[in-house]
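What follows is chain A paired twice: with chain B in the first complex and chain C in the second.
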Partner chain A sequence: MTWSRFKDYFTTYLFIIPAFLLFCVFSLYPFLKVFQLSVFEWDGIARSMQFVWLNNFRTGLFYDASWWVSMRNAGVITLLAMTLQNGLALMLAMIVDREIRAKNFYRVVFYLPPVLSGIVVGLVWNWIFDGSHGLLNHALTTLGLAKWTHAWLAEPSTALVSVAVIHMWKGFGWGFVILLAGLQAIPRELNEAAHVDGANEWQIFRKITFPLMLPVFFLVSILTVLGTMQIYDIIAATTNGGPGYHTEVPITRILAAMVGSSRFGYACSLGVLFGVILLAISMVQLRISKWSQRFS
Partner chain B sequence: MRRPHQGVVFTLFFAALAALAGCTKSEAPHKGEVLIWHWMTDRDDALQQLADAYSKENGIKVRLELYAPSDAYASKIRAAAQTNTLPDIFSVLGETRDLASFINSGRIANLTAAMDADHGAWRKEFFPKALATTTLVAGNAYNAPAGNYGVPIDVTNIQMLYNKDLFKQAGLDPERPPQTWDEFISDWHKLKAAHIPGLVSGWGETWMIDCFASNYAFNIMGESKVLDTFRGKVRYTDPDWIKVLGLFDTLRKEEVLVSGVVTMVNKTAEQTFSTSKAAFAFNGSWCVNVYKGMNPDLSFAAMLPPRVSNKYPMKIWGGAGSSFMVNDASVNKEAAIQFLKWLSQPAQQVKLSKDTLNLPSNKAAVGDLPPVLASFASRMDMTTHPSQWPVTEKPTVVEAFDKGIQSILIGEKTPQQIAEDVQAVKDQQSK
Partner chain C sequence: MVPTIQLKNSELATPLRPSQQIQWQRWVYRAKRWTFLAFAHTFCLSVAAACLFPLVWMVSSSLKTQTTIFTDMSLWVSHPHWNNYYLAWTRGHFGQFFFNSLLYTLCVVVGVILISSLAAYAFSRLKFPGRNVLFILLISTMMIPIPGSFIALYVLLVKLHLVNTRLGYILPQINGGLALGIFLLKTFFDKLPQDLEDAARIDGCNKFQVYLNVALPLAKPALAVLVVFNALAVWNEYLLAMLVLSDQALMPLQRGLMVFQGAHLTQYPLLMAGIAISIVPIVTLYFLMQRYIVAGITAGALKM
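Moving on to the complex of A and B:
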């Protein structure tokens, strides 16, 4: 290799150094470190770590009931988000996609919740759901429905659903924006031609909108699953995982292991386990997405 | 065209990366200037003024850096320990096992010699319970060398508070809070009849539940039996433990607790009590400052948690509120110790106490304290804390216990069921 050619190549690589460096330091290294720590027992302070093979994974998989409770709770919130949140997002996107007055205003309003901080949203909803002086209970009492009042975030029958409601309120704007973009990409001529042929709204939705929107639905569903399973900030600002284990989610369990009991290795193993589960779910969704697109 | 040898380029590239990585400093080089990291937002101004005064007096610059909130601070300290960039003075926020781990890895200076110098002059200035929080005794469970490892800058304890105006409103004597559990329930009935909400506390933060339960465990079965439980010699299914858990069941059945307490953070609980929306609170001595900020007109007083048994004394959690540790690897170790010695002297302690309404750690600085704060100070002898016990419970068992109490409070499980659940976790951990 000649000096000038070497210089050319080196200059080329020099340009990617900053980005590559940032990627290595803030993504690659922590990612690999989590895998390394997951097979050690370490308190995060000591200079030495004890290699424990796969014991941390075994504990997480077979002996830590609270971990699976947290997975179930996150699953319930995800299920609600997939159905109610995305259903609402689709409905609103379809309304705003029409020629209605002030549609730009609605677009901004519907997109506001996602840009708010999860902690702030949690604190505001704390006030709404408060058992003694909350807005919701006050409204129910005013309407003569006092028997329906609850300490929404502190009762086992309502805590998880209440948290899910907050999460869905905060999150539906993302789906709304993506679904609206998908709807706007459908050529208007198709709908007009269907109308001319005498198709009603439901037939247009079933035969035109739905098939063409399938890739968008899958994108939204993957983002919903990944975003909801990793829910944390709203939980931290409202219930902190309580009462009991009723609103524990995987991230609160990982944090409890790391900060609460200084088991860094175990926390990392839960992180790896969680990552693998999310990866598996995403792979399945992608498979279904490809299959359904072929089918449609 | 033949492609140039990419291996050469990559080798040089990674060599450059390695060189850059090697540029990280291994120890903070700031000789002649004492650097302190702390998390106490409420004490930052007072500490800053004291640091400036010390610099003027002694010509040694003391620099304070504030990192809040406390959990972010604790994470920063751990990260700094891993990268050998701890400041000269810092605090370990956590349990004794964390402190011991810092000590065992050579990151905290043993201050025993400095405390013992001049016939223990420095040591004698503190409330003994304040020093106990950061003292490790010989043969401790963590195999750390015995010694004093921290300098307390204030002390604290956790008791119950009651609202005097609400007591009057319910026809109760505001100067005579309930002394026993039965009196407490009896007073509650009167408050309830007057439509006054009962007890509030931040029991969404599970350590506060643990604290309340621990008080009654000591009162019902005595210290040695509690510690024997941690050692595995007594089971959580023992009738005394069921009795402790049963108190929470009573609180639920009698509807003593303010709605939502089980997931409430302490800040919300403090707002609830300070706005007279609860007759009782369970909170620490720091609350005097907090309530003053929230409602200066609040009329309240401190009381011991009403005792259940006369067989054993009621113990409350307390000790050093905040302690500073000295970095054993610091080039300014001696200067750091001298500054902490100065900071713990009566004049500086009085200023800190007056400015921040915290209890001073120096016995000689307890002078003109406000009445509520004085009643907290007068009960320092009754304090205990897990950091002072020779043996502590495993974190997973503590979590099962605290979460179990939450389950009792929401009527999901009985005390007997929770006792069995906790014992099952304990048995699993002991395998």
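Moving on to the complex of A and C:
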């Protein structure tokens, strides 16, 4: 290699080095460290760590009931988000995609909740759902439905659904924007040609919109699962896992193991477990997506 | 002989003249369209109201007093207590939290823009060994979910003595924005024509000067997307702030809100004023740059 060639490469690497260094220190190292810590018993402070083989994983998989309760809770919220939130988002996107006025107004307003932080949204809704002076209960009492009032976030029977409602309120605008962008990427001529050929609305949706939107649907569903399973901020600002374990989610359990009971190794093993589960779900969704696209 | 005209059955019962028929179809079409529009706007407006109502109510509550807030449920406050905002800003330390948030956001956004644009330019335009491997490595953090990595990140920050420092909160977030930044900017640079850069090179610019004087100014639309995205992400970040920062003087707004709520559980007017303070900059940024936000989500999501 000649000197000028070497100099050329060297100056080029100067462009990459800042990014690469940050990546190695703050992404690669933690990523590998999580796997290493997950097979140790360690309190986060002591100099010595105890190697415990895969015991942490065994505990997480078979003996920690609260972990699976948290997975189930996140699963329930995800299921609600997949159906109600994305259903609403699709409906709104299909309406706004038509020739109607105030398109941009709707888009701006619907995307306002996703812009806010989970903490802000949680704190505001905290008070709407409050048992003694909450707005919802006040409204119900005024309407004469006093027997329907609840301490929405504090009662075991309503807490999880209330959290899911908050999450969906914050999240639907995001799905709406992506679905709308997908709908607007469909060439108008297709719809018009189908209209001229005498197709009705349902046939157009079934034969044109749905097949062309299938990749977008899968994208939204994958991102919904990833985002909702890792829900944390809203929980932190409203119930913090309570009452009991009724709104515990995986991230709160990982934090509880780490900060609460100082079991860093166990927390890492839960993190690895959770990551593997999320990756598996995404893979299955991707596979279904590839498979279903062969038919259209 | 006059030919007899055979009328069809359908033509016997007073048929419409062509012009009338078109008129009728037009009516049907209009009726359908109006019903659709009425339904569409009612539906969309009610959803929009549901989006806005909690925010409007939050602002109006922030102007009430501790005594009226639980009894007076009206949205319009006749005697607004602007003093709440002053108290939240000073006694509630929201002024301090606010400037911390501003500082963190500024540092992270500048850092992400600088570092990711440098790297993206090299990946797009310059040739060097290991280019593809490095690119995929840097982008991979965007694809793989590692929910537990904040534990190891915390351990690392303890080791580096960066816990409870501003730097320890800023650096991981710069790193967090790099993957999307490099990805967006590389695709943007790839689409730019190379002629301008060649011309600059012939005029005697070196690689860095070409990047700084030609490529970077051309990338403004993509940079705007990145600015908005990272500003939103940093301003709204909570988990890392909770783990890393325990000194109240260093806390950003989201962490400050939680601390305030923990300490003054029932001071709703001040809490609401704090929330209003915390969302003003981000909502302003959103209204000013919402075009770029929409572009950013769709670019980030649909190209993945």
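Everything below uses one rule, namely that the second predicted complex is superposed on the first by the 296 of 296 C-alpha atoms of A that agree within 3 Å, B and C clash if a C-alpha of one lies under 4 Å from a C-alpha of the other, contacts with A are read in each partner's own complex, and residues count from 1 in each chain.
The rule we apply is simple: a residue touches a chain if its C-beta (ideal position, glycine included) is under 8 Å from a C-beta of that chain, and two chains touch if they have at least 3 such contacts.
No experiment lies behind these values; they were computed from the predicted model shown.
S.K.: Overlay done on chain A, so just call it for chain B and chain C: clash or fit.
M.R.: clash
S.K.: With the two structures laid over each other on chain A, which partner does A:242 touch: chain B (first), chain C (second), both, or neither?
M.R.: A:242: touches chain B, not chain C.
S.K.: State whether A:9 touches chain B only (first), chain C only (second), both chains, or neither.
M.R.: So A:9 meets both chain B and chain C here.
S.K.: Would you check which partner chain A:219 touches, where first means chain B only, second means chain C only, and both and neither mean what they say?
M.R.: A:219 sits against chain C, while chain B stays out of touch.
S.K.: Regarding the shared-chain residue A:294, is it in contact with chain B (first), chain C (second), both, or neither?
M.R.: neither
S.K.: Is A:188 touching anything from chain B or chain C once the two structures are fitted on A? First, second, both or neither.
M.R.: In the superposition, A:188 touches no partner, neither chain B nor chain C.
S.K.: Which of the two partners, first being chain B and second being chain C, lies in contact with A:19: first, second, both, or neither?
M.R.: Touch status of A:19: second partner only.
S.K.: Looking at the overlay, what does A:92 touch: chain B (first), chain C (second), both, or neither?
M.R.: In the superposition, A:92 contacts chain C only.
S.K.: Return the chain, chain B or chain C, that is in touch with more residues of chain A.
M.R.: With both complexes superposed on chain A, more residues of chain A are touched by C.
S.K.: Quick one: classify A:44 as touching chain B (first), chain C (second), both or neither.
M.R.: both
S.K.: Taking the two structures together, which residues of chain A meet both chain B and chain C?
M.R.: On chain A, the overlap between the chain B and chain C contacts is residues 9, 13, 44, 133, 259.
S.K.: Spell out the part of chain A that touches chain C in their complex, as residue ranges.
M.R.: Those in contact with chain C are residues 9, 11-13, 15-16, 18-20, 22-23, 25-27, 29-31, 33-34, 37-38, 44, 88, 91-92, 95-96, 98, 100, 102, 105-113, 115-120, 123-125, 127-128, 133, 135, 138, 169, 173-174, 177-178, 181-182, 185, 216, 219, 223, 226, 230, 232-233, 236-237, 250-251, 254, 258-259, 264, 267-268, 270-272, 274-275, 278-279, 282.
S.K.: Looking at the complex, which residues from chain A come into contact with chain B?
M.R.: Contacts found on chain A: 1, 5-6, 9-10, 13, 17, 21, 24, 43-47, 63, 126, 130-133, 151, 153-156, 159, 238-240, 242-245, 256, 259-263.
S.K.: Touching chain A in the complex: which residues of chain B?
M.R.: 4-6, 8-9, 12-13, 16-17, 20, 71, 74-75, 78, 81-82, 94-95, 97-98, 101-102, 104-107, 197, 204-206, 258-265, 268, 272, 277, 395-396, 399, 403-404, 406-407, 409-410, 412, 428
S.K.: Could you pull out which chain C residues touch chain A in their complex?
M.R.: Contact set of chain C toward chain A: 36-37, 40-41, 43-44, 47-48, 50-52, 54-55, 57-58, 61, 70, 73, 114-116, 118-119, 121-123, 126-129, 134, 137-138, 141, 144-156, 158, 171-172, 174-176, 178, 182, 206-208, 211, 232, 235-239, 242-243, 254, 257-258, 261, 268, 271-272, 275, 278-279, 282-283, 286-287, 290, 293-294, 297-298, 301-302, 304.
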